[in-house]
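Note that the chains are named A, B and C in the order they appear, and that numbering of residues resets to 1 at the start of each chain.
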Amino acid sequence: MTNQIQLPALKTAAPAPAPLAPAAPAPAAAAAVTFDVRQLNVWFGGNHVLRGVSLEIPPKAVTAIIGPSGCGKSTFLRALNRMHDLVPAARVEGRITLFGEDLYAPGVDATLVRRRVGMVFQKSNPFPTMTIAENATAGLRLNGLRQKDLLAERMERSLRMAALWDEVKDRLHANALSLSGGQQQRLCIARALAIEPEVLLMDEPASALDPLATARIEELILQLKQDYTIVIVTHNMQQAARISGQTAFLYLGELIEFDQTSRIFTNPRQKQTEDYVTGRFG
Amino acid sequence: MNDWHYRWRKVKSSMVSGLCLVCALVVITPLALVLFYLLKAGASSLDPHFFTQLPNPAGEPGGGMANAILGSMTLLGLAGLVGIPVGVLGGIYLSEFGSPRMKWAVGFAADILNGTPSIVWGIVVYALVVLPMQGYSALAGGLALGFMMIPIIIRTTEEMLALVPNSYREEAFALGIAHWRIVLNIVIKTASRGIITGILLAAARVAGEAAPLLFTAFGNNFWNHKLSQPIEALPLQIFTYAISPYDDWHRQAKAGALVLILLVLALNIGVRVMTRGRAPHLAR
Amino acid sequence: MNAGAISVTTGPPAGTGLAPPGKAGDRAFRLLTWLMAMMVPALLGLVGWTLCKGSALSLQKFGWNFFLHSNWDPVNGDFGALWFIGCTFVSSLLGLLIALPLSLATAVYLTELAPGWVRQPAMSMIEMLAVIPSVVFGLWGIFVMVSWLQEGPYPLLVRYLGYLPFFRGPATGFCVLSGAVVIAIMILPIITSISREVLRAVPNSQREAAYALGATRWEVTRLAVLRYSRRGIFGAALLGLGRALGETMAVMMVVGNSDKISASLLAPGNTLASKIGNEYGETFQGINLSALFELGLMLLLVTVVTNILARLWIGAVGARQHSGI
């Protein structure tokens, strides 16, 4: 009995005729890039929120998205797991591929995309009627895992990954809201990790937390990057500088600069980037 | 976790969505069913006779419901005499002078009264009015209906007055106008539309009630000449005719029900259109 | 605002002999409106007191026995409400059982699934159902619903489930089950409307959390919305039950109006409300009248208690939801 959850292909229907112009990328090339975003445009109603954003997100690393409020950071993040499908007024154009597979191709099931691309939100949102254990295993049970021992094992693993196990192992059946804000957020991370996504998207995960809890989350992220591709949106530049390898600077919906974090913060190429990171605006 | 299980999850999701749609359709249909049935079965009987003639003796075909229609209007008038002043003035107190505790207590009592079965109102007024007067009367019927209107009107009046911005009151105070004048001339005037719609809703609700009239107004096959005498009402007449063994009375009952449902629907829809966007909670 | 405005604190110019504008008027107005507002709790007290006083004779004579035996015999002066209590609860609970899933599914449809332009019109139509007078439902019940039930479902029930005491024939159509069905139709609007409010109050972050785990639409509704709203939905059901218990006219017209005890849902019966209504036109005094009042008192208590429980429950749920739990 395998312990791994087999990751599904993105299409459940019979494979559509390959419409992509370039031949399937060689495995080596595919592994070098997690997300390949090309000319991403997003509208909310008449509002053009993201304008022609293109970048490549490397695997097993932390990529930070920074920029002033309203620049489209969260919009960008949510395009990566097709959360905009849930908003009727949203329109997404452009191409986003995950390990070479086009996420927005016709016939691609958004639910499967979200299965592979996990997300943690700004305000922690554990399910309030469920216990800590039930929250942590929610995704697993959705996917049909029923055996108690397997569930317990996966739960312990994901809680350990989220650096929460030691704090909750004696009260797994307490209600999830009995945890502190920082613990709840780590529970949400554990919940996301339990279904073994390939990517973890984090939308300002520590902004609602106190400095101590924030520090713990940042530690956690540094550990997780060994196994996961992480894309994190943050308004806290110091945080981006601390934990990310690459940083993208967005302003008014456009990608101004995308480079190594060290470069962005010490010697940015664009003037706007420099103005932002030195605090001249934003 | 495998492809098959996932497909089952998707199918389940679609099935449940379909089921919910079906349930929604089921929930909407009774309205259409009742309305169309009454239109089909009752419309043809709505001739001038229906609106102008008194009932014929039992078993004789023909006749009309003129006395019932007039009776309903009379009872509504009487009910309004009781319900409107008490409800509106009470609502004014709660909104303008009442403490939060009082608002809560009176509101709670009003909700309980609202939930009281209408037949209970009937036997209460029976004990209070009919027994001492030793007879059924329009007054008793009007009182029962008026009592039912009070909790509705007091609530809606209070809510409508609460919507008037405080700045209106403050500006008027600053001009040195007496408080009671402010309330009457400024606050009520501003909220008047809402208050009136609250009254109309209460009237619509009460106009359709038959249970409270069983033991108060009692019914009358002829014109009512004195308010201390029994009186007929449309819902009451519909009931009596519907359960009778006479086909012609059945026919007239359906016509009467058509009139009643159209009236009530028209009033309610009219109120909704008038308060569109203003007080969505009014239509409960 | 304009020159010559009377100052609030000083009132009219001194020496005119006038009191500050409207002080007496204010007091009188305030008193009048206060009196009117107090009519509401007074009315509540009046209702309770009238029923208690009216039932005193019966309470004294029968005591607890009134609730434990079933009889309605004016000639011999023996009255017992057990059958009516039973029919009331059976028809109301059965009506709730029918209406609750339908209403809930509809509320789910209107909140989560329906396209935007459908939602308000559909809800308005459902709310229109709530304003139809009870007697109109009763009439439709007599001439349409009962005939239809007699043609199809009831004979089927007798044929296939008739070995059970609950479905033993003969079915006349005017029975407890018909009462339950008409009650169900009448409480659909209130349960749907409150459930819809409860579901709408679920924060979107909950739905997003479920979607982000790769949940299907139904799973999101189940996990994030319905589970979250469990308590509110229970409150909606309680309110529906409160409404169901007090229904009179429509029930009276389809329930069969029989005092005879029977275990079958397809046999005629009598609820507390319909029994009281049945006495329309009778003259009664003494113990007969008192027993009638006691029925009314019971009906009032049962409805009031249910409604209070429902409102307190919903209030508690609302408060908890607002505090973020």
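Methods note: contacts are C-beta pairs under 8 Å (C-beta built on N, C-alpha and C of every residue); 3 or more make two chains touch, one makes a residue touch a chain.
These figures come from a predicted structure and were not determined experimentally.
Participant: What pair of chains is linked by the largest number of C-beta pairs in contact?
Facilitator: Chains B-C share more contact pairs than any other pair.
Participant: Among the chains, which has its CA centre at the largest distance from chain B's?
Facilitator: If we average the C-alpha coordinates per chain, A ends up farthest from chain B.
Participant: Return the distance between the CA-based centres of chain A and chain B, expressed in whole Å.
Facilitator: 55
Participant: From the C-alpha centre of chain B to that of chain C, how far is it in Å?
Facilitator: Measuring from centre to centre gives 15 Å for this pair.
Participant: Just give me the whole-number Å value for how far the CA centre of chain A lies from that of chain C.
Facilitator: A distance of 49 Å separates the two centres.
Participant: Residues of chain A that contact two or more other chains, please.
Facilitator: 111-112, 142-143
Participant: Can you list the chain C residues in contact with two or more other chains?
Facilitator: Residues 216, 219.
Participant: What parts of chain B, by residue number, touch at least two of the other chains?
Facilitator: Residues 9-10.
Participant: Which of the residues in chain C end up touching chain B in this complex?
Facilitator: Contacts found on chain C: 1, 5-8, 11, 21-23, 25-26, 28-30, 32-34, 36-41, 43-44, 46-47, 50-51, 53-54, 101-103, 105-106, 108-110, 113-114, 122, 124-129, 131-140, 142-144, 185, 188, 192-193, 216-219, 221, 242-243, 245-249, 253, 273, 276-277, 280-281, 292-293, 296, 299-300, 303-304, 307-308, 311.
Participant: Quick one: which bits of chain B touch chain C in the complex? Just the residue numbers, please.
Facilitator: The contact residues of chain B facing chain C are 9-10, 12-13, 16-17, 19-21, 23-24, 26-28, 30-31, 33-34, 37-38, 41, 85-87, 89-94, 96-98, 102, 105-106, 108-113, 115-121, 123-124, 127-128, 147, 150-151, 154, 173-181, 183, 204-205, 207-211, 214-215, 218, 235, 238-239, 242-243, 250, 253-254, 257, 260-261, 264-265, 268-269, 272, 283-284.
Participant: Tell me, which parts of chain A touch chain C in their complex?
Facilitator: Answer in residue numbers: 81, 83, 86, 88, 111-112, 114-116, 118-119, 121, 123, 125-130, 138-139, 142-143, 177, 188, 191-192, 195.
Participant: So in the complex, which bits of chain C are touching chain A?
Facilitator: Residue list for chain C touching chain A: 116, 203, 205-216, 219, 223-224, 227-228, 230, 325.
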